[in-house]
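Worksheet: one structure, shown below.
Labels for the chains are A, B and C, by order of writing; each one numbers its residues from 1.
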Amino acid sequence: MNEPFAPWTDETATPLIRIEQVTKRFGDFTAIDDLSIDIFPREFFALLGPSGCGKTTLMRMLAGFETPSAGRVTIDGQDMGGVAPNRRPVNMMFQSYALFPHLTVWDNVGFGLKREGMAKDKLAACVDEMLKLTQLDALARRKPHQLSGGQRQRVALARSLAKAPKLLLLDEPLGALDKKLRQETQFELMDIQERTGTTFVIVTHDQEEAMTVASRVAVMNHGKLVQVDPPDQIYEQPNSVYVADFIGDVNLIPGRATQVGDMAELAWAEGQGTLLGQPGGGVKADTAASFAIRPEKIAIGREMPEARNRVQGKIIDIGYLGNLSTYHVKLPEGPVMTCEVGNRSRLSRRELTWEDDVWLSWSDTAGLVLPT
Amino acid sequence: MTCGCLGRIPQDWCCRHERARGFQPRAFIGRSAVKRAFTVIPYIWLLALFLVPFLIVLKISFSDIAIAIPPYTPTLELSEGWQGVRNFFGGLDFENFVFLTSDDLYWKAYLSSLQIAVVSTLITLAVGLPIAYAMARARDDWRPALLMLVILPFWTSFLIRVYAWMGILSNEGLLNQFLIWSGFITEPLVILNTNVAVYIGIVYTYLPFMILPIYASLERMDPSYVEAAEDLGCSRLSAFWIVTLPLARPGVIAGCFLVFIPAVGEFVIPSLLGGSSTLMIGKVLWEEFFSNRDWPVASAVAIILLLILVIPIILFQRQEVASRETEG
Amino acid sequence: MRRFSGFNIVSLTLGIAFLYIPMVVLVVYSFNASRLVTVWAGFSTKWYGELLQNEAFLDAAWVTVKVGVFSSTLATVLGTMAAYALIRRGRFAGRTLFSGMIYAPLVMPEVITGLSLLLLFIAIGLDRGVLTIVLAHTTFSMCYVSVVVSSRLVSFDKSLEEAALDLGCTPFQAFRLVTLPIVAPAVMAGWLLAFTLSLDDLVIASFTAGPSATTLPIKVYSSVRLGVSPEINALSTIFIGLVTIGVLIASVVTKRSIAMRTADERVAGG
């Protein structure tokens, strides 16, 4: 069995990047607010958040284009304070790709190595291999405007990897590609990251992308880290309503936590039983809380189920998405719940329809009680 | 391959990482040094050759004419120390400005310059707007050629273009020859050396400055606006008035300023095409300086001219900034 | 499809005619055998011959070209720097004054610019001559250059420079290897504009030129003040011819590069 890659759980591991209590202010606006994080070698680390949350600023600080107002950034044990971008062991892939329009693909990829003063034949060999790695060998003599979007993206990647940086920063690397190409490219990126063993830090606002590629995802909001965890934990064990809501779809039922122990109970409406789930985010008894349950974890049926967690409501909307169907169910004293059912058989009997009274249920461990 | 970036990535990558680790953190001096140099050098140049000269003009406008070299007094004698400075400032007064108001030649020249500039700006607009509109409506493959035809005169010499009209407008010039030949008139019209010739000259030389900004704003305009207006019941003419023209307003305003501001201070056109009765302040300043050699009065004339132009110049810059912001 | 009415055709025809007839007349009469410009006396090129014999004109032309080359080159360097500073440097102390000084000369009446520079040269005791004209022309044409270059820099993707820094360039290398090649067409256009302005300028040159240096426009002005002369027609024709050839070449070059680019993009898109 392979040991899972999780240096962040290893106390003895040395981080490649240490960001210690970093704050960045632009005038009155605080883009990064007293933020600390360690990123380890060979990690594929995703910074995820809505626009304006500070993720791009954080990345530009690693590249050296912004200087922290307070705090310290070290890369590989060296303090980056006062180190210019051109003297950092870091390269960046820009959102716009920033390919030099007056240079060919070959010269773009070789640009950084040439600045390093690498010998000509060695440089040529290196560039050729980078082009091979990114399957661009046939396009070496083209100029950027003669390339398609996907090809440009690969040139940008090859160029930023050519100098063998310790750390590669990717700013929305796939944002300009259409959906299908984006999915293919995600796997290509992961493949290249594994083969080169470079540490990647990616900035994205696309949660699917972050979940697909990253070994750890950092969810940011208002210049702070909300949660830093591997994708499955971010999805299954969000530490806040914000993360639960930001990643994937979630049903949130507001109420009060009545009891918190190994499990937590939430009272949500008069005359209804409490809902049972795992406590999360340090929820305390007798405080306002929300019950978070993912749509695909909810079962729907006409008959009253045996489960402890069950609620009754009326179907108000049905969406047929092909691989699954979505039901919107209005609870009499609560919110509209969304539940997803996979369409396993080709001809469904479509037994449920509008205005039907149905029961929704889920297991005890399916949901979370989170502080509001 | 020799480098082994691909086949043996892990090992080679590591060794190249080692090399990368050898980087030297250096003080963070470089980044803005270039930008600072790029600011300071042109800054100093402009201070020395634009602002300082202007301050000298201001200073001389408060001085008195003298038969000396330089032909004005007082001059700042720093060798006399504090007393020199006091003498210097004591010798400055508003005499020249008072003189400008007392002699009606000057204020008439200012007024007539403004009047000529306003009238010729309006004529240029009337001539330029239909041309710009027609260019913007022309077929896509014609437009570059038309644009070139309008820009070409702009690259040829201003002086030559003014000069060209001298041969056309003179008493025995082509225009009069043509009009007599075609029987409209029997006696040649006197056009050269009158204000009419000055109008023609200004309209002719500044026409591209009017056409180009208007064309630029019309060309950017989505033609479906006009179609929508017509679809909603406008006639073509009313669509032009209600939709096209308001949308072209930034271009029209820019064009008007670009014609008006330089026209006020124009020297070449009134001096070559205008007559002795044509009063324009640029010409007055020139003569004050070169013929009368009264530098203090010439400087005072310049200061007043600038004060007159400050308002339109500021308005123009505001307009430019505003239109640039809406574009972005 | 944009519609094109009779009105548009008429206004275009008249407009173009208005712009070009004076110049055509000038060109035609430069080949007139008679000294009387208004009477056509047959075809002749003798005025060109006389022009080329006229030492004073040739000297003035040489001075003009010298001044043009020096001042436009200097103006291009300074104007490009100024544009870079204005667009890339964000806020700095004295920025308002700086941008004011860049834009003001564009609309400043030439008589004022000329007068003020002359008074400066006299105040510092600089002898008037080629040098003073070069200084004067550089000062006002650098502002035009900076406007042309900054309009290109505004649309320039800033991350290109950051990418160059990221890949190991010093800031100056980034400017030389990335920024400059990309804005080169605008810098070239700025140089051409500065050169034309210098070639064309009468007023500022008249103020700042001493008796030792006369430029072509000064010479032309002093001879046409007395009336139309066929030599000047010949000179104008040569000038118009050169400009026309220059503009035609420039437009063909840009047209071809645009055509190549669109063809390339079609290939890449497919």
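The rule is short, and it goes like this: a contact is a pair of C-beta atoms (placed from the backbone, for glycine too) under 8 Å apart; a residue touches a chain by one contact, two chains touch by 3 or more.
Quick caveat, the model's predicted, so the values are computed rather than measured.
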By count of C-beta pairs in contact, the leading pair of chains: B-C
Reference chain C; chain at largest CA-centroid distance: A
Separation of mean Cα positions, chain C and chain A [Å, integer]: 54
Chain centre separation in whole Å, for chain C relative to chain B (CA means): 14
Residues of chain A engaged with two or more neighbouring chains: 84-87, 163
Chain C: positions in contact with at least two other chains: 165, 170
Set of chain B residues in contact with two or more other chains: 30-31
Complex contacts: residues of chain A adjacent to chain C: 63-65, 84-87, 90-92, 94-96, 98, 100-102, 111-112, 115-116, 142-143, 145-148, 151, 159-160, 163
Parts of chain C lying in touch with chain B, wherever the complex brings them together: 2-5, 7-9, 11-12, 15-16, 18-20, 22-23, 25-26, 29, 37-38, 78-79, 81-82, 84-85, 88-89, 92, 94, 97-98, 101-105, 107-112, 115-117, 119-120, 122-123, 135-136, 138-139, 142, 146, 154, 165, 170-172, 175, 196, 199-200, 202-203, 206-207, 217, 220-221, 224-225, 227-228, 232-233, 236, 239-240, 243-244, 246-247, 251, 255
Of all residues in chain B, those that touch chain C in their complex: 30-35, 37-39, 41-43, 45-47, 49-54, 56-57, 60, 70, 127-128, 130-131, 133-135, 137-139, 144, 146, 148-153, 155-161, 163-168, 170, 172-174, 177, 204, 207-208, 211, 223, 236, 257, 261-262, 264-268, 271-272, 282, 285-286, 289-290, 295, 298-299, 302, 305-306, 309, 313, 316-317, 328
Chain C - residues contacting chain A, complex: 157, 159-160, 162-170, 173, 178, 181-182, 261, 264-265, 267-269
